Amino acid sequence: MTTSQGIIMILAGLASGPLLGGLIAGLDRILTARFQSRIGPPLLQPFYDVIKLFGKEKMVVNVWQAFCANAYMTAASISVVLFFLRSDLLLILFIQAVGAVFLVVGAFSSTSPYSQAGAHRELLQILCYEPLLIFVVVGIYLLTGSFKIESVYAWNQPVLLKLPFMFVVLSFVLTIKLRKSPFDLSTSHHAHQELVKGLLTDYSGSFLALTEIAHWYETVLVLGLCSLFWTTNPVGAILLVGLTYFLEIWIDNVSARLNWRWMLGYGWAMGVSLSLVNLVWLYAR
Amino acid sequence: MKELTYVLIFLPFIASLTCFFKIPSQVRSFMILTTGCILIVSSLLLIPYVPFAFTPQILFGLGVHDLIRVPDFILMFAILYFGFKHRSLLVIVPAVLQIVLVVWFEIIISSGMIEGQQMFRSVTQAFYCDNLSLIMVLIISIIGSIICFQAIPYMKNHEEHLKLSTSKQPRFFFVMLFFLGVMNGLVLSNDMIVIHFFLAATTLCSFLLIGHDGNKEAIRNSVRALWMNNLGCLAFTVAMMMIYHNLGSTDVQQIIRTPPGTGLSFLALALLCFASFTKSAQFPMQSWLIGAMVAPTPVSALLHSSTMVKVGVYLVLRLAPAMHGSFLSQCIALFGAFTFLAAAGLAVGQSNGKKVLAYSTISNLGLIFACAGLNTPESITAAILLIIFHAITKALLFLCVGTIEQHIESRDIEDMRGLYSKMPLTALITVMGVVMMIMPPFGLLLGKWMAMEAAARNIFVIILAAIGSALTAMYWARWAGTLMSDPFAGKFKLEKQPVVTWAALLSLCAGAGILSIAVPWLYTGLFTPSMSLNYVPPYTLNDGVLENSYGIFAAFPLCLIAVMGFLQSILAVRGATKARICAPYLSGIQTAEHRVFMGPMNQLVKAEAGNYYLSNIFGEKKLTIWINLAAGVLLTLIVGGAL
Amino acid sequence: MIEHVVSISLENVVGETAKMKVEGYRFVTLSCVEIDETTVDILYHFDKDFQLKHLRLTAPKDSPVPSISPVYFAAFLVENEIQDLFGIRFQGLAIDYDRTLYLEEEVKKTPFCKYVVIKTKPPL
Amino acid sequence: MFEMTPTIMRNFIGKRATRRYPYVVRPAFENARGVIYNDIRSCTFCGVCAAKCPSQCITVDKKAATWSCNPSACVYCGVCAESCLSGSLQQKCDYRKPVQEKEVIFLRGEINNNHNIPMAMKNE
Amino acid sequence: MFNKILTRARTMSPWVLHFDCGSCNGCDIEVLACLTPVYDVERFGMINVGNPMHADVFLVTGTVNHRNKKVLRNLYDQIPDPKVVVAIGACGLTGGIFREAYNVVGGVDKIIPVDVYVPGCPAKPEAIIDGVVLGLEKLKK
Amino acid sequence: MSKTIIPFGPQHPVLPEPVHLKLTLEDEVITEAIPAFGFVHRGLEKLAEIRDFHQMIYVVERICGICSMIHAMCYCQGIEELMGIEVPPRARFLRVIWSELHRIHSHLLWLGLFADSFGFESLFMQCWKIREKILDIDEATTGNRIIISVCVIGGMRKDISPEHVNWILSELKDVEREIKRLETTIMTDYTVMKRTVGKGVLTGKQAYELGLVGPTLRASGIAQDMRMLGYAAFNEINFEPVVETDGDCYARCKVRFRETLQSIDLIRQAIAKLPEGELAVKAKGRPEGEVISRVEQPRGEVFYYIKANGKKNLERLRVRTPTFANVPALLAMLPGMWLSDVPVIVLSIDPCISCTER
């Protein structure tokens, strides 16, 4: 990758979150509405929301919320940029985790029990999905011999064919990361849960907007990870990502929210066993 | 170079002896400060000479081995004495066995000397210092000294709090400084007999330090530490004898140079590993380190960061080349990864800050063992990185907890809720410490990254490590969040602390930060030479980016971005100070008083939010027995596999 | 029209309700009506197989009425309500809201009494 | 696990349930209870509506020949229109539109004269 | 330019906080019914956020009484500016049929400034939608 | 063990109404729950002293917007008993029809809210979508969607015209089909079962001793339904109470779901038997004496105690609503449950706080 290519990629990565992520969020809302026999908001609705939030009065419970929202956003954007630069997958995960941790710390900095309980649940979610993500990345490594995304692109056939179970594990993570039912435990899109808006309860105005944009970045990142399973053909990648996302929305609409015990138990049991099966199978070949 | 070595080893002894006598506390403080400074300077001065090896001149007609023999026996008898004093059979039996074995060993050696002089002469160099030793020396001298500095105000406060009639500080500082000397000696020696002496010395020192407060609990825990570590010493003695039997030498360098599987018994190595595990408080011998929490906090800091527990990982790292590619090595990796996970799990279930730190130490040491066991160039690099950054960060966190403890008179995380409003700077430094434990671009995470990439080939290790790593993030983030959990009301006022405390905290904090930025240069300057003998350098370095065929870690650019992100976020905080401060969401029934809502029966209720410790999943009582069992099985696997 | 009414007095309130419980009656509710300056009329309603049975207690306002919430836990809510609205005190409530179940300080008087009522704490 | 699937798929493919309200207005049901309208010309100011109104939001002054109603307090039960003897008071089927300021309907008529001055006065 | 975009964004995305301030549930369920498929106010970007800190439009139904007036005030204070208050139903406007009861303070405007009044008992979903749209006029300024 | 105290309500997205629960948690397990009321208390029983007994119909209707018609019916029954009025048969059947329509709309509303409480948004939307049809029936026949104000003392104000009858029947058919489509989701869906089965269990004995009423009691295996008293026209149509035995949230959900379908059936029966005749008899005179009137609301037995003394205004009107009786169940069910179960359990009794506090 030359320097100019690198710069283009950095810019593309930076732009992808607010643009692509926002569009995906808009599409998500329209599709959800369709599933519920509604018309739904306009496609650009997420952008209106965020712009409006930036125009709201600045209000904080604890000034460190500002820090944490910024740090979350920075970490999320860096992880996406690194993804566009085709860097090390494990490194991307770690940086993504930084954002997640800052989000949690930000929620902790408010004393509202809703926010705090949401933060704990988010930690449990991190606890559930981080290992699974690492398993997925290790699966890719065992297949291609490298943690670099470059090598995935250099691989001569779709990774999905060799790592089908890992893709299932990844979609599990996707459900958690996208805050979809049955895993919208720490916060949910419509705040219809026992913790109100969970760890975002006490964020407001522009800080809420920052976390929203960071969430878009994360969406782009996890969907990017999905796309790695079909790298030989861009159409295939888009189809795979589109289908996966559609399935996510479908699952969101046909399931109730479960509790975190179920998530941890089921997530780890399923994640570890599927990963083991897939990895041993890879190993054995 | 020789002089520096002598200074590093013997200066603490001399200084400690002076401390032991009743001298005015100002003089003592001055002494400690000067000794520490000299140690720091001389350890730094040692850098250009590395690697080196030498044997001191014969003193009064006696070699090093002969010189060490008498104190070695004194130490062993001292342990035996304490065993009798506290009526602990668990101490007495191994101690007696050890004395018998050592006597027997001496007879063998002496007889060997009579039969063929060259056999003993095979220990060519008594002192040997390569980069690994140097790194250890630097950690011990610098971090150890800083902890000793911080101990001066701490102990003063501590004793005032206990209202002691006669100060026990002379004894305390005697042992502390002595410990530093012993540690320096241990990492610089090349002869297993000498190492044995120093091992026994660390055992005794830690026993004395843990039991310092002299109350019932302290005594009980110190005796436990004594018997456990003494058991490790016994294992070491047996291993030493077996190695001597196999190779006819106790030269460490020679052991390393022996290719795996030729002549060297794996059982001996397994026993050495067992000795290391006891020193590093791995499962199922973790209880001594957890019990050590009763001691004053500087002791914990010393034991956890730079001294005692690092002995174990140092020894295994030293011996790693000798196990390269063996089943034993794989088992150690698995064992280490298991410890990493299990200790992290136990830490999640703890609300006692020091216990969280203790389990986190065990957990990190487990990861280091796992790296040593994986035994690839990447993993060894990772191990060394982890040792360095763990030492600094853990020392920092312990000192923070000690400072906090003396202010709020509690070490429970729940009581540290909203500490930011009471002790802003200490809280921020603690949060920084936590951030350094779990986040890129700091060195500890770099080490973890390397370790994971190295472990990726080993499915079981990576599964354990991945889950353990997530658990680690969980308990640290929870703690950091708890510290910050308070509304910000206007400008904060700096809390009052002694200058030494500030200096210690800030220097450790800054040190960790600067070293993290300097990791690429550290890597080329220190690690590569330290392993060049046995391993190929695993990474190439350009523009501060570490890279090899399967991974990239943009260390320097990340630091740059992190600094920029940090500054930007700080600016955001400054911007937010102008924002309206609003009450947290309490379903609309909040009152003017913060966190208080109007509850049933028109009573004011304080909304509390306790942390989740998930004690029915991660509870200490519930888990420990199973973990110990599993660890026992794994240990059997190690020893059995070695047979 | 109300049938099956048994008159009771302050002393045997708890005893009579306990008897109802033994007979397998379900607790329905209490109804309170102010009679004059000093007395109120409290009706205890019970139900068994769609048959209502009532206990009628004519109680003076200023002496506390023994609570039946130890017998029928569910009664605590309605007793608290009467405490709020009529100012009558119930003694031995399972959960005592101390006249704050519905009313804030802004409503000073006992709204369902036309006459002034002395707020009395139950003797402990 | 995914029992809801047929339903949501039917929703996805089928017609939306949404009425595009401000753009497409569904005609009101013929007897929908909406705004109160008083044809003041035929009003006799008898005051029955004011007496019957459960919300007590109508005031009629027979002497001054005024009829006023506070639509903010009206509960749209339709009792007034039902009981209107002269048939001047009617309930239309459109609901009352939201406003930025509260209004009071104030109508003045003359008892024996067809001439009237309806006027809406803003109040409060 | 930016102001124009911001104004448009504000009118396109009114997030709603609904508080039942002692209503009989009639207006409440009509407010909820607005969210459901038949009325689907998400077409206008309206979502029920359930948290004052995120809200722009405050929908209040029901009479104010002595206990919940403090809650009402608290919630109003926690909504960041700019905000719109919409009082719904006869009770929200004046106290409705209950306004003479002893524990009733009166309409919502006795406690907090109200921007739009939606009459009705209960107010129809159409009226509530109209009310919010009318309230957005305030944000345009 | 660290303690968490959460103020759950009065303003909380899963509680449609303001009620406060002070929850004390350890980790996420509830150790104590204390409710606080008074956020909706208006004091409308007292309004009986200033409104005459006819006007009070419209006041009691507004005790609760969801089951308003049934409140009015219960009140009118009481006054009719006091005044000795015989309600004409058509009015009695119309009362059955409208009260059952109210039950359907209330249960569908509840099913939606219940689905929302465990985060099943599309089910919520679906239930409320179906419910709109019932509201359309209400609006077409009575002129108002929710508070339909049809009962008067002595009979009914509104009638159902023959054209409406056929339309109602076809609409009900649609509704029934749509509801039946949701049957598998509500009854067998894994995630729904996971969230409801075994939550908030009350045995029949416990439920009876706590004085519970309505579906909450029937879900614990006790067949108690005030409709068995045969008020209005229930003695002339075929009625069997719906009973489940598990006593958990799932059973309560099942009871209400089956009652919804049963109500459709009851309406069909009532429409089939709907006699011709006058709507109401004129109420003459003033009520005097004490009376108790009980009917079955969607939430359970509502209990009116009316004391009149021959004046225009009643001397005392006392309303014991079903939620008032069911609140103690909450205190019995919540401890030991998880925070995530709180909305499910709280909603499982179908709380109507404006009923409770009046």
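A, B, C, D, E and F are the chain letters, set down in written order, and residue numbers restart from 1 in every chain.
FYI, contacts are C-beta pairs under 8 Å (C-beta built on N, C-alpha and C of every residue); 3 or more make two chains touch, one makes a residue touch a chain.
In this text the structure is predicted, and so the values were computed from the model without any measurement.
Set side by side, B-C and A-E show the greater C-beta contact count at A-E. The central chain of the assembly on a C-alpha centroid basis is A. Of all chains, the one whose Cα centroid sits at the greatest distance from that of chain B is D. Computed from the mean C-alpha positions, the centre of chain B lies at a distance of 80 Å from the centre of chain D. Chain centres here are Cα means. That of chain C falls 26 Å from that of chain F.
Averaged C-alpha coordinates give centres for chain C and chain E that are 39 Å from one another.
Each chain gets one centre point, the mean of its Cα atoms, and the points for chain A and chain D are 51 Å apart. Under the contact definition stated at the top, the residues of chain C that touch 2 or more other chains are 100, 102-104, 111. Counting partner chains per residue, chain F has residues 4-8, 10-13, 28, 34, 38, 41, 43, 46, 58-59, 62, 120, 122-123, 125-126, 129, 132, 147, 189, 191 touching two or more of them.
Annotation for chain B: residues touching 2 or more other chains are 580, 582-583, 585-586, 588-589, 600-601, 607-609, 611-612. Interfaces, counted as pairs of touching chains, are A-B, A-D, A-E, A-F, B-C, B-E, B-F, C-E, C-F, D-E, D-F, E-F. Note for the complex: chain B touches chain A at residues 418, 420, 438-440, 445, 448-449, 452-453, 456-457, 459, 462-463, 466-467, 469-471, 473-474, 477-478, 480-482, 484-488, 549-554, 558, 561, 565-566, 568-570, 572-573, 575-586, 594-595, 607-609, 611-612. Residues 1-12, 20, 22, 25-28, 34-36 of chain F touch chain B in their complex.
Against chain E, the residues of chain F that register as touching in their complex are 10-13, 16-18, 38-44, 46-47, 50, 58-59, 62-66, 68, 109, 112, 124-125, 128-129, 131-132, 135, 145-147, 352, 354.
Contact residues of chain E toward chain B in the complex are 19, 51-53, 70-72, 74-75, 77-78, 80.
Per the touch definition, chain E reaches chain F in the complex via residues 19-30, 32-33, 36-38, 48-52, 62-63, 65, 67-68, 71, 75, 96-98, 100-104, 121-122, 124.
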